[in-house]
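The same chain A turns up in both complexes below, where it pairs with chain B and then with chain C.
Right after this comes the complex of A and B.
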């Protein structure tokens, strides 16, 4: 940090280690405050200016909120999706604004889209992969490449027939049921951007279901969440997903019906 | 009953009481999502005009969910006291608004047992934001558990030491820092990440031991599902000062929360027998506009009237704490800071009018069009409205529930701005521990969790907690 300041930069408050800094002026026991802070990622030991935050605390919070808002309101950059050759569809939603206000429209496709998918995509795959922007396109771009490679290697090794990889724009989780029904998939796996927490706009979830169906309750889904570099790293999550896929295939069920 | 009016040369006609109530609601994205909101500003006002001429009797006789179909409607209607009801049933909603603005605290208290949720929601739709703050200040609702909350001149706080994995050391780290800011007089209450008997019992014990060691006059609570807490009590696993549950405003929506009136009656009875607290009020409830629609249990009614019905449900159990978690549900129900602020003021006002000791989790999620300034605005308005309590959390960032609520700093600053204090016994103890000065302000050493280390050393030469 110091070198950068000397090079004419104001220090970068988005660095994660800033959260570890103790800002209390002359605490009774610095050792104890350090120990307490290690036990939680809550914003402890920040001290105060009168009864308010110190400037650094205030600005760090604002920065963390700003990046979370950008993760939500920025349309996903589809360069990577295109490079990886995904089949692209969109729900009934037309823009981010509508996406946020109308969860119902983010769960379904037009009949034209459904017909096109049936026409263009592989039917009856063992594994159907669906990538959805959800509430954070950043999360997809941060994790997709790593997790996808591991998953595809794993599925190839098991000899699973993998369907056409589909990307859904403005998608809620439930689109996986529609796609599963349209294509007759055995296991459907959806990678979706989570609702960002402060400074965690890159967190992704994976929802999986055996013969996913809009007739079944939400509890049909098995979930791996918190996938990002500081949470469950995407490579590790990919290995988990491959393992879970095997379990779903073997047990012929998923979600709460599966006591793993 | 008149359901039509003309405004600016156009006729506005409404289907029934439920339709008038929905269209008279201030703008909320949740009512739009439900397809029941007014189609424009003039229609909204037309509905308010029609509502202003409706009588409280008409509202009582037209609950938004029929008596036969819903246990909350039955609980609410059966609780109405006839003497109070007879005094007000002839009021129009417009009259009722003026009564609330002009009446004394005692006059409002006298008619309160005659109210139903639909009356409470109806008058709220005619109140401006300042009306609600002005009237709420005349409706103090006190409740007593180990201590008494809601007295004029107090602003209490829940210490919310949530942790991503319920690690006991991590939870207690947030507790220590919270107390060092004078936060936690309403309750030390954890939202558990893990809803198991052992984990819930362990945290309850940990809180109680800490309260006893430092002689902190407050309450402990773990906000697990009520059935988990009932098992903890049945097996005598841990001391429990307050029992918690989230409530919804209809029988169908309650089912999504895994509860109904009969189950809550049972929970209340067990708690009455087994609780570790002193006073007659030992229940803690959370609510929030929109949960009924999200579980398809709104019966075509707007989210404000469904919220008022939560308070009728809560009232049955003489709670110590009730708070709306106002901005937690997301932008499809409350779109932005403006709607969140309005809803927070509405919920607090309705709770107080219903007669429950109302607080507020002043909060927002990252996918709402809201920010820290909106949160601070609502918190300041609620402090002016004599809201019983707000939340206190490190840096305003809940690292388990992933939303933003009021911080330890916000609690301290609001007390300084308004001259309010925590509950008296708690404030006194803060002074003894050196955290408050004689004016109730934070001292030089406040805001440092390691002050307990120094105190421990001074007291016994031991290791801090």
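Right after this comes the complex of A and C.
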């Protein structure tokens, strides 16, 4: 590493390995610090300089914060969405700044958009899949391919009729209710980028509802969260979503009404 | 959500047998629709008295008498056979080498409950005693390894833990009942396994024993164990006391003792010069205990720890720690359980799907085609859907001709996904896919009925291998 730096390379401080380093000088038991660090993602065992962080810790903290900021402020790269052939729509929001300031506008569509969806998409599907950028487009690009593939396998296996997959730009969770109402879906499943934290910018959630409706309270939704490689792996999450879809279909309810 | 299950532990030892019942509290710590079930609390709710293991005249286990003892204990604990969700019956020490041991255990499971039955080998016994004594728990709180020596009538079973994880397990022919004596100091029995050692001290079956010689034998036992801890050399003869294999772990700086003999290491004392006191059990157990206390307590070279359990360590280990819970997202139809004594075939390179069938054939063909086996692996690795699907395809195709359940267990949390893909590719096959379980080649597993969405699994090492 040092040699590389001398050769003109700069270390990438956003790399996760840096967080595994123990910076305490001469700990009483290195073994115990290692074990403690293994038990959590928190920044333990980082030592200190006087009563401040060490430079390395501070830089890593800033780098992680920058990842979170980028996740929120970067428009999603839609290459993958296009490749996968999603039907694309947008909420009333026009740009990222408005998205952050006006959550209300991120929940609804213009009447033209609603009409277009009704015209172009499959009606009355068993399962409607909605992908939303939410607060992290990175999360969608990191997880969508794997979770989508296994979900489609599972739904084909169960014989469910899957609707036109829809991508919503500048979307909050509640857009799934509008889409469900427009298309008459039995179970609506929304994959949305989670608000990024300092641990990862790639975490995704799946919200599911039986006959999702904007007349119903938020508690209508069943949620699977923390989906990313080091959390719930997207493939395993997808298999669980398939299982939950079966449960929702059978019980004809979702969210807090569902006792699982 | 909290759910409770009752787990039974039954230990049929060389000298004594006992039963315990524990209550395992399962807890789902997840707030979302992906459960995360774990054992939140373990509590021993009933401990039976220590019974002498009933033996027939031919030295075999008296199966009928054992059934009676057991049934009486269930009654005293106010539990019925159907109340027991899981647990383990184990046969330990020299008893496991009895001809009818296996039959006795099978019979017990019919009487005691439909739960998983672990017939122990010396290594599993060491592990269970180590958990029951509290060595594993101790090692979580300190930076050095902690070893437990469970000294019973016939064998000493050692387990080494670091950071709560098992590092090594082995057993030795050292025990309190390897020499038995009559009231008038006559040697009634010397275990063939320690015959050469006994001769060294002039001890012979049928002759009147010299108290000094017995004490020296006991001291030698303690000294052997001390040298094992400190990595000092053992003679050829002493190395012969290891059962099956030697130790792999190096130095053991901290030790605790459990088993019947440990009662005399920590609690009870004997007047070592008084024959009557020494012979209270008709064996050398009390002397062995005293010798260990002298060798280890206040020894500056090794930390001498106090166990949580002494004579009951193994049975509590069997009742509370033998059972592992699988991950909470798995694939299994309830009617397929319970499965018992399934040999494990471990695939070392699941990511090399094109070579997987060859690796599997090589390891599978040592078992008869009709034999139910389990395929174990670390996990599919970090690949995506394409890689997982390729693995599912290989697994389904390479087992295609088999008439058994396709049973896959792995460490990585991907069982539901792999199970779903296997089910899609292997239409009509019965499939079980479990995760967060580690099983190694040569292990056997028992699979219990699902509880709160997870599946209890007992991983057993070495069955009836002496």
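Couple of notes before you dig in:
Simple rule for what comes next: the second predicted complex is superposed on the first by the 248 of 260 C-alpha atoms of A that agree within 3 Å, B and C clash if a C-alpha of one lies under 4 Å from a C-alpha of the other, contacts with A are read in each partner's own complex, and residues count from 1 in each chain.
Going forward, a contact is a pair of C-beta atoms (placed from the backbone, for glycine too) under 8 Å apart; a residue touches a chain by one contact, two chains touch by 3 or more.
It should be emphasised that the depicted structure is a prediction, and the values quoted were computed from it without experimental measurement.
When both complexes are overlaid on chain A, chain B and chain C end up sitting side by side without clashing.
After overlaying the two complexes on the shared chain, residue contacts for A:253 are found with neither chain B nor chain C. With both structures placed on the common chain, the touch criterion links A:235 to chain C but leaves chain B unconnected. Residue contacts after overlaying the shared chain place A:21 against neither chain B nor chain C. Residue contacts after overlaying the shared chain place A:42 against chain B, while chain C stays out of touching range.
In the superposition on chain A, contact of A:32 is made with both chain B and chain C.
When the two structures are aligned on the shared chain, A:153 is found in touch with chain C, with no touch to chain B.
Between chain B and chain C, an angle of 90 degrees opens at the CA centre of chain A in the superposed model, to the nearest 10.
In the superposed model, more residues of chain A are touched by B than by the other of chain B and chain C. Once chain A of one complex is fitted onto chain A of the other, the partner contacts of A:222 are limited to chain C, with no touch recorded for chain B. In the superposed pair of complexes, A:243 makes contact with chain C only, with no contact to chain B.
Of the two partner chains placed by superposition, only chain B is touched by A:51; chain C is not. Between chain B and chain C the least C-alpha distance in the superposed model amounts to 6 Å. Residue overlap on chain A between the chain B contacts of one complex and the chain C contacts of the other covers 29-30, 32. By the touch rule above, chain A contacts chain B in their complex via residues 24, 27-30, 32-33, 36-37, 39-48, 50-53, 57, 61-62, 64-65, 68-69, 72, 100-104, 135, 195-198, 200. Against chain C, in their complex, chain A makes its touches with residues 29-32, 35, 145-146, 149-150, 153-154, 156-157, 208, 222-226, 229, 232-233, 235-240, 242-244, 260. By the touch criterion stated above, chain B contacts chain A in their complex at residues 29, 32-33, 161-164, 167, 169-171, 173-174, 176-177, 331-332, 335, 365-367, 371-372, 393-397, 399, 402, 404, 407, 409, 412-413, 416, 442, 445, 447-451, 453-454, 464. The touching residues of chain C, counted against chain A in their complex, run 32-35, 142-144, 163, 329, 382, 384-385, 388-389, 413-417, 419-421, 423-424.
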